[in-house]
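Presented sequentially are two complexes of chain A, the first with chain B as partner and the second with chain C.
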Partner chain A sequence: MATATETLPAAQTHERWHPTVTGWLARIVVLLVLLGGLLLVTAIVPQFWADRISLAVIYAIIGLSLNIVLGYVGQVSLGHHGFVGIAAFVAAYYATEKAGCAPEVGCDVTTFFVSLLFAAASGAIAAGILGLVALRIKGLYLALITLAYGFMAETSIFEISALTRGGAGMPAARPDGFTSDRAFAFLCFAFLAVVVYVDWRLIKSKVGRAILSLKHSEPVASSYGINVTAYKVYAFTLSGLFAGLGGGLFAFRATNVVSNDFNFATALLWVLMVVIGGLGNRTGVIIGSAFFALFPFLFELIKPLEHYVRDTLGREPGFFAIVLGALLAILTIVQYPGGIAQQLSPITRWLRGERFSMHPEGHGRHRRAGHGLKARLRSRHTPGAAAEAESGSEDHDEPEGLAPAESPELAAETERMAAAITTTTESAEDASEGTDASEGKPAPARKRTRSRKASS
Partner chain B sequence: MRTAVVVGVIAALIGAVLIAGAGDEASPNPYVVIGLVNGAAYGLIALGLVLVYKGARVFNFAQGEFGTLAAFIVYVLIEQVQGTEIPYGIAVLVAVVGVTIVGLLMERIVVRPLLNAPRITVLVATIAFTLLAVGVQVLLFLPEAKNLPGAISAVDAEGTPRGPEIFDYIIEPQQLLIVGVLGALAVILGYFFSKTDLGLAVLATSQDAFATRVVGIGVERMSRFIWGSAAFLGAVAGVLFIPVNLALAPGVMTSNALIPSFTGAVIGGITSLPGAFVGGITVGVIQQLAGWASQNYHFGETALQELIPGFPSVALVVVLLLVLLARPQGLLGTEA
Partner chain C sequence: MSNVLEVRNTGIRFGGLVALSDVNLDVPEWEIVGLIGPNGAGKTTLFNCIMGLYQPNTGTVTYRDRLISLLPTHRRVALGIGRTFQNIGLVRGLTVLENLLVAQHPRIGYGPIASLIGAPRSFSEERKLRANALEVLDFMGLAHLADSHLDGLPYGTLKLIEIATVLATDPDLILLDEPSSGMGPAEAHELGERLLKLRQTLNLTVLMIEHHVPLVVGICDYVYVLNFGKILTEGKPQQVQRHPEVVAAYLGGEVEDEDSDVAS
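The block that comes next holds the complex of A and B.
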């Protein structure tokens, strides 16, 4: 009865689900309301809150800068306070010492932009040098080097009195037209928009894909002709550029830069805010960074609590930020490696034009992993399995370790890489299996047991 | 063999500096002696770092904070407990046991769930733990410097300094204690890892957790043991080091001793226990000699101090970089 050859059913192509026109309109409206609301809040809150919002925006820029190293390349930088601090002092130095800006005289906008340019360049150079060192030193040792680098900046560079004017600090007058806290906050928003755009375009480009591939396996990346060292230095330099920009804005926000602002504890807090935000996820990192910048001030919104903390306990509300941040970080690392981004992913995915679902992992492109030849073959014998495969797997519900929470680009890249590797060595049938294996999950096995249950 | 050669060479170099500087007005000798003593403390912390690296293949950024926590416990017991006078020894014992328990808790809550996670994740987790410890200290004790007395007072009843004088420098009894404890611990740990079954089991776990489990060694038990002893070593280091060198403030060991200790551990070889000893002392001496040089060397009119502020830390970073670039496995390590 059995024929020698068996005709397989035609491959089912799953059309990607698209929202209707109304659906798109709803998404655009929600997005505009969110962004507009943010700007509106900045426009109507008191000036000192606008100042804090600008701090949150600067933190977001620094967070995105750190995200390149931490989230994309997968290295730990404990020396970011070095880059940010150097850039802040360079900006203040240029504006005050070279261009003659002072709080009484003011500062013209051109000078402001030039000093920001210098700040970004100095951050990029400082980080580029570190990146060059990173050519030979890998993994955990690199974390040590960045730590030592930050330590050196803190104890040596920040002590050069010509640059930092010792403990009194280097003044940095805000540019004309942006002297008010509110105007400066809007300026910071503009810079954040630029950074987000550059970051987004970068990751979509060939360079971005190359950088993302470094995190998973450098040998695999280099076997694909990716110049590992060059892209690493590139990523570090870009991270330093953003950090430098953040540092420059930091200087003009504070209007007086003191070296105490940039210490080791700050660098640790920055690492934590990126981890809590969600590694490799822009939205998550921005929210996480803003949260850490604003948290110490949130007590002020609840007056009785603030009085209790300040007067009865005699503690600064900021102290709680450290404890809470650390607790959140431990919780994130141990229980929810995706961070804030993972919690928000139903919303962000909906905004990106997908169906709203609390289990977004099952509806994305990952689903295709379960639709390989094997899944289809299985579905012919076990009716339950088809539905099982259809509803998607839980393969990606628990990203391993510090895996980025929600990075379809990354997942696609891995998928492509793993598929290419397995197909060269094994049969095409195993390609889907290889994809799952590359994610470190024994997913196919799990699915099989479940389908057996379904058929019995 | 190599250990003997390296120790001999470093001892000879330090000896040469001491002899060359003897009798000079601006002699570096007191600096060298301070460096040796500080280095012993760095070595003590580096021992803990090496232990965790050997056992868990991760850099433990919380190692310094174990010390600060222990010092704070001692401080609370002897300075803030009203009514009864608590003997110093008891306070230290409580602190060391308490911090060891903290280390075990950290292992259970933070490290154990990450047993199979990438090592860099565990590293970030130890950073988070460090920040948590610093935050709790700030909340409880405010960011103010406090003075923690040592186990043995540096001056006797008449106010004259106690302790032997070596090369124009009077070594405090507490400093001698640090050197002695470090030496004893290095020997004990060295014996433990090369001769005892438990030590070999710990090493096996670090190399291949799965294979270790297959032959019937409990990986969790090993992990618990490693982090418990690391916390113990950190606590001992903190209780001994803070009274002589630092004012007690939140995070003081992390900001002052952790980076030199890491440098020491890497110079000596992050997998080598005698290496931690040698590296710690080397770093202590380099740091102090750089401090001496920055005060005594002049380029024309400007002193090195003004030319390069914070020269000791620059020297430290340069040495760390050179070692990592030229010999990543360190002086006595066997693998990078």
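The block that comes next holds the complex of A and C.
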């Protein structure tokens, strides 16, 4: 069994590298310049571009919401337009019908916050119900159910004219003080900041770890004491909460919510933008979402292209978002599974306080023993050297109760028995093994090790 | 001495296949109990029944005089039953240290809401968890691997990390599913020493599935042999090893004198 000495754990015992004070200052300055630049751009561009930026920010919130289901839980939701749409209508309904807001009268800030609260709650409830379904159903079938869920919302809830006022749409007046596009964009940034903070704490705390581990394997997660049922519903509910918040902001940005805004194509675009941004990666998802929100408007920057698309092809620029999204998704899945986040990882890693490295896994990782060709050749030619290096690395943890006099004798016996057992299990490997596999992988350990070697 | 774990009349069938029938098993306090048997005998299935991943059709599981048959898995873990998996139950994609943080889940002293809003308590608790995890890793001699990802590590090391992870759940009884798979004879021997040391220092009780006979003979106080879902025989390891039916079950029907000599 040479697998145990195949790689050298000793090679990873490097001290953790930390930047100097100047290094940290440089990182903070760069981060502030990036964020400040974003806000500065929002502050100086024309009002209609500020409006588009607020759409990008809302998309980022929705992207982060979808990322919880798609990236952290590992399930596909094709019905997110349902949650966002329900929340948008709930927000608009409360503001207009209950609190009496109207474009002429205005709307006070408290009403705005209360309606966002209702929006978030409605999104959370809608998604929580889906979470209950997800307890039993996974993968493709869950995706189909979310799809049906979205269509159900489109054809039933969005058709309730008391809630949506039919095709004319439900007005949602922006709160006083934030009626201008620019001010509203800054408000959206504030909400995005809150969502990013919560998402960050989620991943850094026990909840995130629990969710990530149940994505990996539910039996394993529950064997670590994680309540799989509760955390799955929790994840879906939180996703719905963010989606609801995004929906509420969407309503006030549009100032008039029509059900046409929430269709399957939009939900598909949201899934694509999260995948292309980088599943499970906050920065990547935000950038991917913002890109797809702004994509249709980028045509305007190139006048001849816009002319060609609109007049010659007779298509709306938004149509190409899905086309481009599909192409980029193929590229992402086949070539760069980490999405945009993977491309940006040298920068984001540096900002987090690691050494700068263009290697996708970080500084020094590519030199990990056992991965390079040289390391393989070395361990193949001199297996003893590898074994020595490994035992050397574990010298300090020699068990104290070890009786040295007994060891050689026992080791010899061990050797003998191992030979006997190996032949036994070898012949038994072909024997059928039906129930002994909890994970549905009946292959015995030795077989598995071999295939692992072949694939690595 | 009282039994930590008592399995009574446990039986489970999957469709027409009877995976376990009428299994009785006791794990007394502070003992290392071995569970051996050929592939497909139902050893892992029995583990899954004890942990609550499978719901047996018949029988009961009692842990420290408490009937746990109807508790969900995570509650059983919180009571102090830890378990490793046959094919590595670690969360890939997380580092070694993070895996140990996951495993401490039931004992974390802040709620799911507090973690989202970043309550001060969640930060101090996280520091404590980290310290605990490092302590366990140090104890297992794996401290130098704390920040490494699982992917590059050899199978035997992963098995050790898995044991460390189970220790992080603060168990009282650990169920080990083939802890020595992927290890050479010398490493398996070292593992045996380590398990004895674990029992000594942490007062653990162990039930383990193991194919590596020297390890079973070397450290187990008592052995159960499972074959075709039934307990074939039980007893001290030396007795069990000489049992003709055990030899037959392992070597395919032939009872040879030589084999029983090897063991003694």
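Throughout what follows, the second predicted complex is superposed on the first by the 346 of 456 C-alpha atoms of A that agree within 3 Å, B and C clash if a C-alpha of one lies under 4 Å from a C-alpha of the other, contacts with A are read in each partner's own complex, and residues count from 1 in each chain.
Quick note on the criterion: a residue touches a chain if its C-beta (ideal position, glycine included) is under 8 Å from a C-beta of that chain, and two chains touch if they have at least 3 such contacts.
Just so it is clear, the model here is predicted, and its values are computed rather than measured.
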Quick one: is A:S205 in contact with chain B, with chain C, with both, or with neither? Answer first, second, both or neither. second
Which partner does A:G225 reach: the first (chain B), the second (chain C), both, or neither? second
I'd like to know which partner A:L147 touches here: chain B for first, chain C for second, both or neither. first
Report the partner of chain A that touches more of its residues: chain B or chain C. C
In the overlay, answer first, second, both or neither for which of chain B and chain C A:F319 touches. first
Quick one: is A:I333 in contact with chain B, with chain C, with both, or with neither? Answer first, second, both or neither. first
Taking the two structures together, which residues of chain A meet both chain B and chain C? 400-402
For the chain A and chain B complex, residues of the former touching the latter: 74-76, 78, 133, 136-137, 139-141, 143-145, 147-149, 151-152, 155-156, 159-161, 263-265, 268-269, 271-272, 275, 314-315, 319-320, 322-323, 325-327, 329-330, 333-335, 337, 400-402
For the chain A and chain C complex, residues of the former touching the latter: 1, 3-7, 9-10, 12-13, 16, 197-198, 201-202, 204-210, 212-213, 216-217, 219-229, 234, 238, 368, 370-371, 393-394, 396-397, 399-402, 407, 410-411, 413-418, 420-421, 424-425, 427-429, 431-439, 441-442, 444-446, 448-449, 452
Can you list the chain C residues touching chain A in their complex? 14, 17, 19-20, 38-45, 47-48, 51-53, 72-74, 77-78, 82-83, 85-87, 89-94, 98, 101-103, 105-106, 108, 110, 112, 115-118, 122, 126, 140-142, 144-145, 147-148, 152-157, 165, 169, 178, 181-190, 193-194, 196-197, 200, 211-214, 218, 229, 250-252, 259, 262
Give every residue of chain B touching chain A within the complex, in rising order. 58-59, 109-110, 113-114, 117-121, 123-125, 127-132, 134-136, 138-139, 142, 251, 254-255, 259, 262-263, 266, 308-311, 313-314, 316-317, 320-321, 324-325, 328, 336
